[in-house]
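Structures given as structure tokens follow.
First subunit A sits with subunit B, and in the next complex the same chain sits with subunit C.
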Partner chain A sequence: MNIDELMVLDIKDRANEAYKKIHEVNDKLNAVITFIDDDGKRKEGKLAGIPVALKDNISTKGIRTTAASDILDNYIPVYDAAIVTKLKEAGAKFVAKASMDELAMGGTNRTANIGPCLNPYDDTRITGGSSGGSAALVAAGIVPLAIGSDTGDSVRKPAAYCGIVGVKPSYGRISRYGIIPYASSLDHVGYFTTNVKDAALALEVLAGRDDKDMTSSFAPVENYSEILNSDVKDKKILVFGNVYDALNDEVIKDRFDKVVEGLKERGATIKVVHFDDDLMKCLFPTYFIIANAEATANHSNLDGVRFGHRVDGTSMEEIMTNTRTRGFSSFIKKRFVIGSYSLFEENQERLLKKAQRVRRLIVEEVLKELKEADGLLAPAAGTIAPKLDNTSTDELSDEYLIGENHMVIGNFAGLPSITLPMGYKDEMPIGINLTCNAFKEADMFDIAQAIENITGCKDMIKEVA
Partner chain B sequence: MEVNEVKELAKMLMFELTDKEANEIIEEFKTFDKQLALLDKIDTEGVEEMVYPFDVETAYLRDDVPDHVLSQDEVLANAAKTKQGHIVVPKVVK
Partner chain C sequence: MNYDVVVGLEIHAELNTKTKMFSGAPYHFKAEANTDTNEIDIALPGTLPCVNHEAVKKAIELCHALELKIDPLVRFDRKNYYYSDLPKGYQITQQFHPIGRDGHLYIDLDGVRKDIRINRIHMEEDTAKQFHLYDETLIDFNRAGVPLVEIVSEPDMQSGQEAALYVEKLKQTLNYLDVSDARMEEGSMRCDVNISLKPQGSTVFGTKVEIKNLNSIANIKDAIEYEIKRQSEVLDNGGTIDQETRRFDEKTMTTVTMRKKEGNVDYKFFPEPNIFPIRIQDEEIQSIIKAMPELPDAKQKRYIEEYGLSDYDAKQLLLNKNLAFYFDEMMRYSKNAKACCNWLVSELQGLLQKNGQTIETTKVEPKSLSKLVDMVNDQTISSKQAKDVLVDMLDGNDPEKIVEEKGMKQVSDTSMIEKLVDEVLDENPNSIIDYKNGKDRALGFLVGQVMKKSKGQANPQMTSAMVKEKLSKR
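And now, the complex of A and B:
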């Protein structure tokens, strides 16, 4: 059930099904790291009694928070993240800390220390990541709202693979205080729902200035769900030509064409844009260098001394080395080595600084067009959710470099961005992505609701129990 | 890049790599190098590095009043070994 449907029930009953079903569903999906029991308390608010799942990189006072890494396997935060406080004040009931890629550094949810999270539509396929556990719990109908984080497309890609709505608002729109970081200049809090109206309501609860996060914005929070209006008559929407051209799946392109046609019929002005192709091919390497370099620095505090799973040694250095050797998976260690390589003084000009300069050029290139329009539209992913054992990606192809990585533009530029379902292929959901101008979340929800009306893809749930 | 160089890099990051892990990194660097060539093609002469998304002032100096304070017990709650209000580690000066 979505939030509106749950709200019809008595406040004390709204989360009952979620608390009951989540164990059974988790046996099939492996989406939960820690279950949270019902404390029986209920509180009025915009999310009164509504069951919510939290990605396991969100600090919860007194509740284990591991970021799906062995190094934090025993970590119990002594404070709540700002958004946890906000959700509690709105009456939300937490049911689980959800699985994720280790330290959020992946796009498959295969790297969680508890093993991969499985897609509710097909348990031989990935959910996408890094917020895969949160996505699976929404797609399976356990919770109508789950919180994730998005550094490259970690909410918006799993939303596409699981047939739900995934939102990453503007940089600074939601406080990151208490979120275990990945790459600070790219990290955003994001979330999943099953429809656009619920997504608009959730942002009212989550957004707002927080003095504990110096990147948090003073921009006023609108009543997004009340002003929601699917009229797109005066909207100018750009179609991301480079992405469209890079993709090979005709079913995905056909569904996308139908959405564009529907927007035209509703009076929107559509313009196909092609950004500089050489810049677009740099999306992934630019992201990869910046994200890994920032992550390497951010995670230098994971040493087992003050918190986390300590492995003993005869000296401080030995404790840290033993702790980090045992605590990180091979995958994470490899990413840190690449990140550290970019940070070396002799490599900084060619790698990190180069990537940061290209980041600016990419952002300027996109904003040149987007500033004159209301949104930028593209298929969210080039394929349906890949198989768990898929290793056949060509990481030098346009399909990968542009088609599978274009959503990182939202992180580079801090733009609000939403993925929503647009249909199926082989009984698997496929998604469409819309990116708008900074702090124009209301525009984003309006256009997204028009798309939802065109596709009829609303409240898509795949029951697995 | 050689296995020993990769292992040296890891040492600086305070973890160890197996030969298998080091070889996998060397393999990944081959793809990474080709992707870097794409960056090399871009003329970035005179372009300022972008290190955050917006030029919007959100930080300011607050009054010097203690805020969201953690107790000593809370600070020590996650440490593996503690004694008399301190975190216990092996002797640093020997």
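And now, the complex of A and C:
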């Protein structure tokens, strides 16, 4: 049930099903790291009694928060993330800390220390990541809202693979205070719902200035769900030509064409744009350098001295070395080495600073067009959710470099971006992504509502138990 | 051989803000271990830094006082290294864009003003305090995140004395601005010395040795003097100076090797992504500067030029900023600068010391002390009486009231004094003879007797004159 439907029930009963069914569902999907029991308390608010799942990198006072990493296996925060406080005040009921890629550094949810999270539509396939657990719990119909985080496309990609709505608003729109970081300049709080209206409502609760996050914005929070309409008559929408051209899947392209056609019919102006292809091929390497450089510093606090899983040694230095050697998977350590390497004085100019310059060029290139329009539209992914054991991706192909990485533009430029389902291929959901101008979340929801109306893909649930 | 000594200082001063540089946790020097901390200070996952506005203000004040160019775009960087006293695994500092550059501090070197250039001042956060026991280490995170300014001088000093004068002057400036407690003994001000020697007249710098963590001005001076001697001897004997970090050993009064430099550590500095650059509007900078307290140099000038105090007196007042502020307050009520200065510096301070009090804790109001000084000045009471009154003032009483209650008003009534003088002379014929025989002491005795009869209230000058006059007539 979506939020509207749950709201019809008595406040006491809205989360009952979720608390009851989540264990059984988890046996099938491996989506939960820590279950949260019902405390029986209910409180009025925009999300009164609504069950919500939190990605396990969101700090919850008194509730274990591991970020799916061994090093935080026993870590229990003493404070709530800013959004946890906001959700509590709105009456939300937390049911689980959801699985994720270790420290949010991945796109498959295969790197969680509890093992991979499985796609509700096909348990041989991934959910995508890094917010895979949150996506799976929404797609399986356990919760109508789950919080994730999005550094490259960590909400919007799993949303596509799981057939749900995934939102990453503007940088600064939602406080990051209390979110275990990945890369500070790219990190966003994002979330999943099953329809656009719920997504608009959720942002009302989550958004707003927080003095504890200096990068959070003073821009006023609108009543997104109330002002929501599907009128796109005066909207100018760009079709991301580079992405479309890079994709090979005819079903995905066909569904995408139909959405574009529908928008045209509703009076939107459509323009196909081609950005500089060389810049688009730099999306992934640029992201990879910046994200890992910031991540290696961000996670330097994980040393076993003050919290977390300590591995002993004969000196402080040895404790730190042992803790970090054992606490991270080799995959994470590889990323730290890469991040560190690009921070070294002799490399920084050639790697990190260059990546930052390229990031700026990419942003300028995209904004040149987007500023004159209302949205940029592209298929969210080039394929349906890959198989768990897939290793055949050609990471140097345009299909991968552009087709699978274009959503990082939203993180580079801090733009609001939403993925929503647009149909199926082989009984697996496929998604479409819309990116809009900064702090134009209301525009984004309006266009998304029109798309939802066109596709009819709303409240897609795949029950697994 | 003779050598030129080249000394530069890096000084860390804790800013005395209510809360920390990037967190809302309070900081008190004597707080119980790990009580002045919050989730940000111990770098729990997910915490974010938030710049302390007050700290930036204080840094701007210091920059202005030391004539640095202020960068209105405040930016921070990460300095990455692993150490158990550094909770985040990086320190937030200002590597690339310090808040101030290119300033000056002037020291008074035996009456000659010497300019010590300041390279930069930047803001950063302090680390935790570690206590290494036999087989364990205790960490107190109270200090973690306390705002610091690092003040980096150019290598413009040539002796231990110059360095000591520089540190003293800097400490005084920090105190007057009220930006730092600047107590070396408590670690709220810490000093690292860079020192090298080169043959006299040479333009090529010698190898630099760093002496870390000096905790008193005396130690700075002694360490530099020892190091000059040590390096001279090494060089004289044809040796070379190792680039190294040394520490000062108070017991032996020598410096000893801490660690040899093994190439420079790469701190992988990069801009702090969680703090966007902060633009400080020019109006704000101007209003900060406008609200700044007067600095010691300006005060000294004013005391000498406007109040006519001696150089010595002015310096006495400036030794303690609260003494100077007390004096400034006194001068709102009195015109007798010299007398105010004396009564404050000698009488009140002396009395306070005897009673285990200080100028900071005393109940004697500046206004009251001014009144007392004026009463002496216009001969309402004698200075001897005034000293007694001052004792009673320690409880916060008003001097006029005390004088009134004790009936102390000095008698300047001639007829009254005349009567007493006559009485005394009549009672002491021997003293009159002594006086006539040239024994000056007799005069003092007679005056004293009159004073005694008046219960100390007779104006001593008038009494003395009167006694002399009467004696001459007998």
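Here is the rule we go by: the second predicted complex is superposed on the first by the 465 of 465 C-alpha atoms of A that agree within 3 Å, B and C clash if a C-alpha of one lies under 4 Å from a C-alpha of the other, contacts with A are read in each partner's own complex, and residues count from 1 in each chain.
Going forward, contacts are C-beta pairs under 8 Å (C-beta built on N, C-alpha and C of every residue); 3 or more make two chains touch, one makes a residue touch a chain.
Note that the coordinates shown come from a computational prediction; the quantities given were computed from them, not determined experimentally.
In the overlay built on the shared chain, the residue A:Met316 is in contact with subunit B and with subunit C. Within the superposed three-chain model, A:Ala139 lies out of touch with both subunit B and subunit C [touch as defined at top].
Look at A:Lys333: by the touch rule set out above, it reaches subunit B but stays clear of subunit C.
After overlaying the two complexes on the shared chain, residue contacts for A:Ser185 are found with subunit B and with subunit C alike. By the document's definition of touching, neither partner reaches A:Val196: not subunit B, not subunit C. Looking at the shared chain after the overlay, A:Ala81 reaches subunit C, while subunit B stays out of its contact range. Within the superposed three-chain model, A:Thr215 lies in touch with subunit B and with subunit C [touch as defined at top].
Once chain A of one complex is fitted onto chain A of the other, the partner contacts of A:Ser59 are limited to subunit C, with no touch recorded for subunit B. Note on subunit A: of its two partners subunit C and subunit B, the one contacting more of its residues is B. By the touch criterion stated above, A:Ala67 is placed in contact with subunit C alone, subunit B being left untouched. Touching of subunit A by both subunit B and subunit C, each in its own complex, is seen for residues 75, 78-79, 185, 211-212, 214-215, 303, 305-307, 316-317, 319-320, 340. Chain contact summary for the complex, subunit A toward subunit C: residues 57-59, 65, 67, 72, 75, 77-79, 81, 176-181, 183-185, 211-215, 293-294, 297, 299-303, 305-307, 316-317, 319-320, 340, 343-345, 348, 352.
By the touch criterion given at the top, residues 39, 42-51, 78, 80, 82-84, 87-90, 137, 139, 141, 266, 268-270, 273-276 of subunit C touch subunit A in their complex. The touching residues of subunit A, counted against subunit B in their complex, run 74-76, 78-79, 171-172, 185, 211-212, 214-218, 278-279, 281-282, 284-286, 288-289, 296, 303-310, 313-321, 324-325, 328, 330, 333-334, 336-338, 340-341, 350-351, 353-361, 363, 395-396, 401, 411-414, 438.
For subunit B in complex with subunit A, the residues that touch the partner chain are 6, 9-18, 21, 24-25, 28-29, 31-32, 34-36, 38-42, 44, 47-54, 56, 58-59, 62, 67-68, 70, 74-75, 77-81, 87, 89-90, 92.
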